[in-house]
């Protein structure tokens, strides 16, 4: 069974074909990377999959259900969660609260019970805080447990988004350039995080320009160029593909 | 001796500052003047004024403050019907003489024990105008009014009494106090068949705009305004377009033209002189309302020989034959205003000035 | 070669948090100096202080011999200090072309047009998108725009905050080649990079920043072979 | 119980202040102003959930307040509905109205949302002014005391205690809400709507819900206010009323429940204090507003608390 | 009935052009800071009040007008310097409250320094109505149209053709980046307030012969101007003009054909309706923020 199926997907912005007639699928449990030059359509693809954009044509199936047209929060409820290339942090909140919002779906969220502060709400919140603390430690943010999000450096915010996405307990996690702004050593930490996430059974879809990371941890890679599929296969296959080398990797990689 | 405390809440700012401002000035001027002359009954007068900005809820709080905190002996004010009525419930509960300066009939109808008023009612203005129209054989008219307190109440009262004069309102239009242009409404009136005259109820700059637009559209039927424009400002703003406009007004605006026998003549002449000397601006009838309110209270207090609230109230109710700027005032237990239609004069604007034309 | 940029004892605070704890850094005219450090070390803060958009609480910044510690930001640009900031910071609703033109805000003259053309040659995609709002560009395209915009200022010293972030491998190479070319053409460059290996490889000298303090400084090559640097920043 | 948490500590302090304030009250005028201040505070606590926490501006809440007031006035005087019933029906109707208009309106952002809410408020105001057959027009209408279970709330003192209890209740509810998953979701909507959506927050529903809640707060207080004053005019629902409410929230401190209370109290008292300076009132009020926002841009309470904290930490 | 329709249209155009002029001032400050300046109406009022008072005091009209414009600009500059600049790092909402405070202050000050009475100015080209196919228009309305047209062209040129105009836009979109390319953001903000105060005052001067003025005249004009600016799309000068004309014409047609009591309400219903379908106004830029 495939977890995610993208069929003939297209997205156009006033003449720009950001994604064009794209078809591929993601197997459960895999780390599936999407690579391609700047402007190839990777972020747009993420936005289409997660319901931020509606496709101009084509469809997206998640767990064999047609999901194009659904709202992001509906997809989140089905088990999809993501991070952003352009950070979407709640800067008006503490770091840990950012993560706790991630757990929203798994908490008591009735207006009335919240208004009355029923014991169940209090208990749920306490447990949630503990779990989110663990998550922050897991992504390497132990020293920011008490920090306001607005006071954190860029690299830490990228990790914070990962923690928030994980708090939603997704079946599939989409990461848009998680290593951007991290140095080589820090990137290797993120490698570990991603591998452990995948090992826990969460499918990971990864967009990243750090080839060391992509080639090192991916089970499968789809390469895009100008919104279309350029190549597909295992890291070794894609790395050897001359089109990919020419359009994206360059001689050195 | 303790001073006599007079409390006033007026709309010195806001949309009705047109009314509240001259009222406030008048009260301040006369209280000062009387104190210079040694006060009343051997006691000084003390005036406490608050600006309610034309808002009912503010008026009610200030009225309470005047009664409870400032412990005034009488309340004057409520420049508008809304601010007056907002204070009525607590005045009635507290039991303190209250003289309103607003025009609405419902202030004194039904009669409320503690509430009096000095200006003519909107209804009287309407009746005066309709009377004049009837005399001229006009039977179909258009009404245009401002959608704020004064105009709205005038509109409603006009609708009530118009039938008594055999007149039919065939067009009924409304504008907002700050509309820059009302030719649309006037065009509709112009195109309504059979309109023999137009009657505008409003104050502030609105009526001046109505007048100018009226002229712009080349309308030739008579234009009547309400007593709300009985102030030189209106003539200044509307300019030549105001020629020929007719309106009901108190004798105050035309003191020189009153008959020598008119008992009001000396009163209004003196008041006009004093006011204009003090403030270098033209007197308006609204200033006169405040003057009358103050005088009626002081006279009643003098008759009662004290400021005991109950006694003063009774004396105010017995006011009889007081000659004020607004007319002859004779109150009774069933009439807490005491003015008759005769207090109004019809005036017409000619060459930029008022001309008595009863 | 004289010292162009001289930072001594620089401290800076965000509220009560001290982000820079007495930094001493010098950059000589024509030099390419790299600054590496972990997340939160204070690299961005240091660049912001140099550009005058972050309050300094102590120490001084000297440029070309003059003390500019209290100079307002726009005057510093006028002196020749340009920055390509972290997180790109393009003028989203304005066209790519306007963004570039604004890079040369304090300059005038016909050569601006030529400079603009050079940027388009360097990043052809920007030419293709020159009439579109910059906000619609992809992340990497915006990064190119931010760098090009800084270059449009014809700076004497160019401050680059993680210029390779979000760029495809081919372009990363291109950017580093460009930086070398700029240096060879005489521009002084102060480069903050997470891609520490590449940065140190082309740098004359490098500094290592840890929680607001400089802990190491040496030539680029020496730092690359430093064991501590290898382990902490190069992932080796 | 930890008195240092905002919930318990702040609530206790608020209760003490409400209970102790009358010591300085020499007559019922003070109670009257106190009631007005607390009524405004309750509306602002509700409005702050919308503005301060969810980050959605409204320039129309005086309209909801006025609808509550007129709803009660109409139902009790013309249809003889008991006051509590009238209050409830009005609140339900206002809630429903807010729900219906909230859906489309809250898709708008920033100044566009401000415009739309302003429009709603003005339309309500115009209807109240124009339909004089029902509302008495600009001259207003009167209504009776608040009677319930054979008991009449009358006089400023009694209203003071009623308002006090309701204020504490409102603050308690608001504090509960913001310290819950729902409250976090609301603040997340403020921070980043997409960010919240992708972790499962149905942002549009939350926005509408908090809009409805704040409108109902305003409506209920409007009903009570009408009974307390005994007479209402449409200008309680004017554009200025709405601006005044927002100013209270921002001045006191956005995203601070107690800040809203402080802002409401200060801006209710200020005109009373300034009334004695007569024509300089407007200028002084303007200067105070500008000065507060310049020197305490986060609002009075949060700025003062932050200062206190940094002094404590400095020691 | 065509003459009536035409008259409604003229009525609407006259009001609409006035709203449009008021709306334009919002565009400038918005374009420099994304702040809605609630004191914009006060600039209009000051322009009208100052010129009317000066004319009444015997100053020749052209000189009075120039002085009034200078006074208004000085007020705009002072407002920026003493109230907006010190709060530059604050939230947009905070700054909006500051502008509300400023508008209250300016009204209060005008009422004390000048007075509370209504004032007028003589119409620039007389008061003989111009007849067009049975409908009439005052010459002063033409002045309003002309001034609005000149302003919109000037603004378009300023924001699209001058670097300073672009720098202003850039400042509103990203203050930090603007500083980094050398834009003196303080100067830009100061200029934006001076400019919009000037625009407001020009508007105040040309509309005073039609609407009259007093210390509270800015409230309604500010409100209508804001509506016009939002309807047209914030920051878009042409949009503000069209927005103003639409509001004016809708009001006039509503008065003419539906109900004058509900004309304002009808105008707001139309605005709401437009916003439902075009959440950034008629000509507003769609958001370009990507995630």
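Each chain carries a letter (A, B, C, D and E) given by its place in the written order, and its residues are counted from 1.
The rule is simple: contacts are C-beta pairs under 8 Å (C-beta built on N, C-alpha and C of every residue); 3 or more make two chains touch, one makes a residue touch a chain.
By chain, with names taken from UniProt: C = ABC transporter ATP-binding protein; D = Branched-chain amino acid ABC transporter permease; E = ABC transporter permease.
What you see is a predicted model, and the numbers here were worked out from it, not measured in a lab.
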Neighbouring chains shared between subunit C and subunit D, ordered by label: A, E
Shortest contact path, subunit A to subunit C, counted in steps: 1
From subunit C, the most remote chain by mean C-alpha position: B
Mean-CA-position distance for subunit E and subunit D (Å): 31
Distance between the centres, which are taken as Cα means, of subunit C and subunit B, whole angstrom: 74
Whole-Å gap separating subunit B and subunit D, where each centre is the average of the chain's CA atoms: 36
Whole-Å gap separating subunit A and subunit E, where each centre is the average of the chain's CA atoms: 47
Touching two or more other chains - residues of subunit C: 15, 136
Residues of subunit E engaged with two or more neighbouring chains: 111, 261, 264, 289-291
Residues of subunit A whose C-beta touches two or more other chains: 43, 52, 84-86, 88
Footprint of subunit A on subunit E - complex, ascending: 289-291
Contact footprint of subunit D on subunit A as seen in their complex: 50-52, 71-73, 75-77, 80-82, 84, 88-93, 97-98, 100-105, 107-111, 113-117, 121, 124-125, 128, 164-165, 167-168
For the subunit D and subunit B complex, residues of the former touching the latter: 26-30, 32-33, 36, 129-130, 132, 137-140, 142, 156, 225, 229-233, 235-236, 271-272, 275, 278-279, 281-282
Residue numbers on subunit D that touch subunit A, as the complex places them: 55, 173, 176-177, 179-185, 187-188, 190-192, 194-203, 209, 213, 255
In the complex, subunit D residues that touch subunit E: 51, 57, 104-105, 107-112, 114-116, 119-120, 122-123, 126-127, 130, 194, 239, 243, 246-247, 250-251, 254, 279-290, 293-294, 297-299
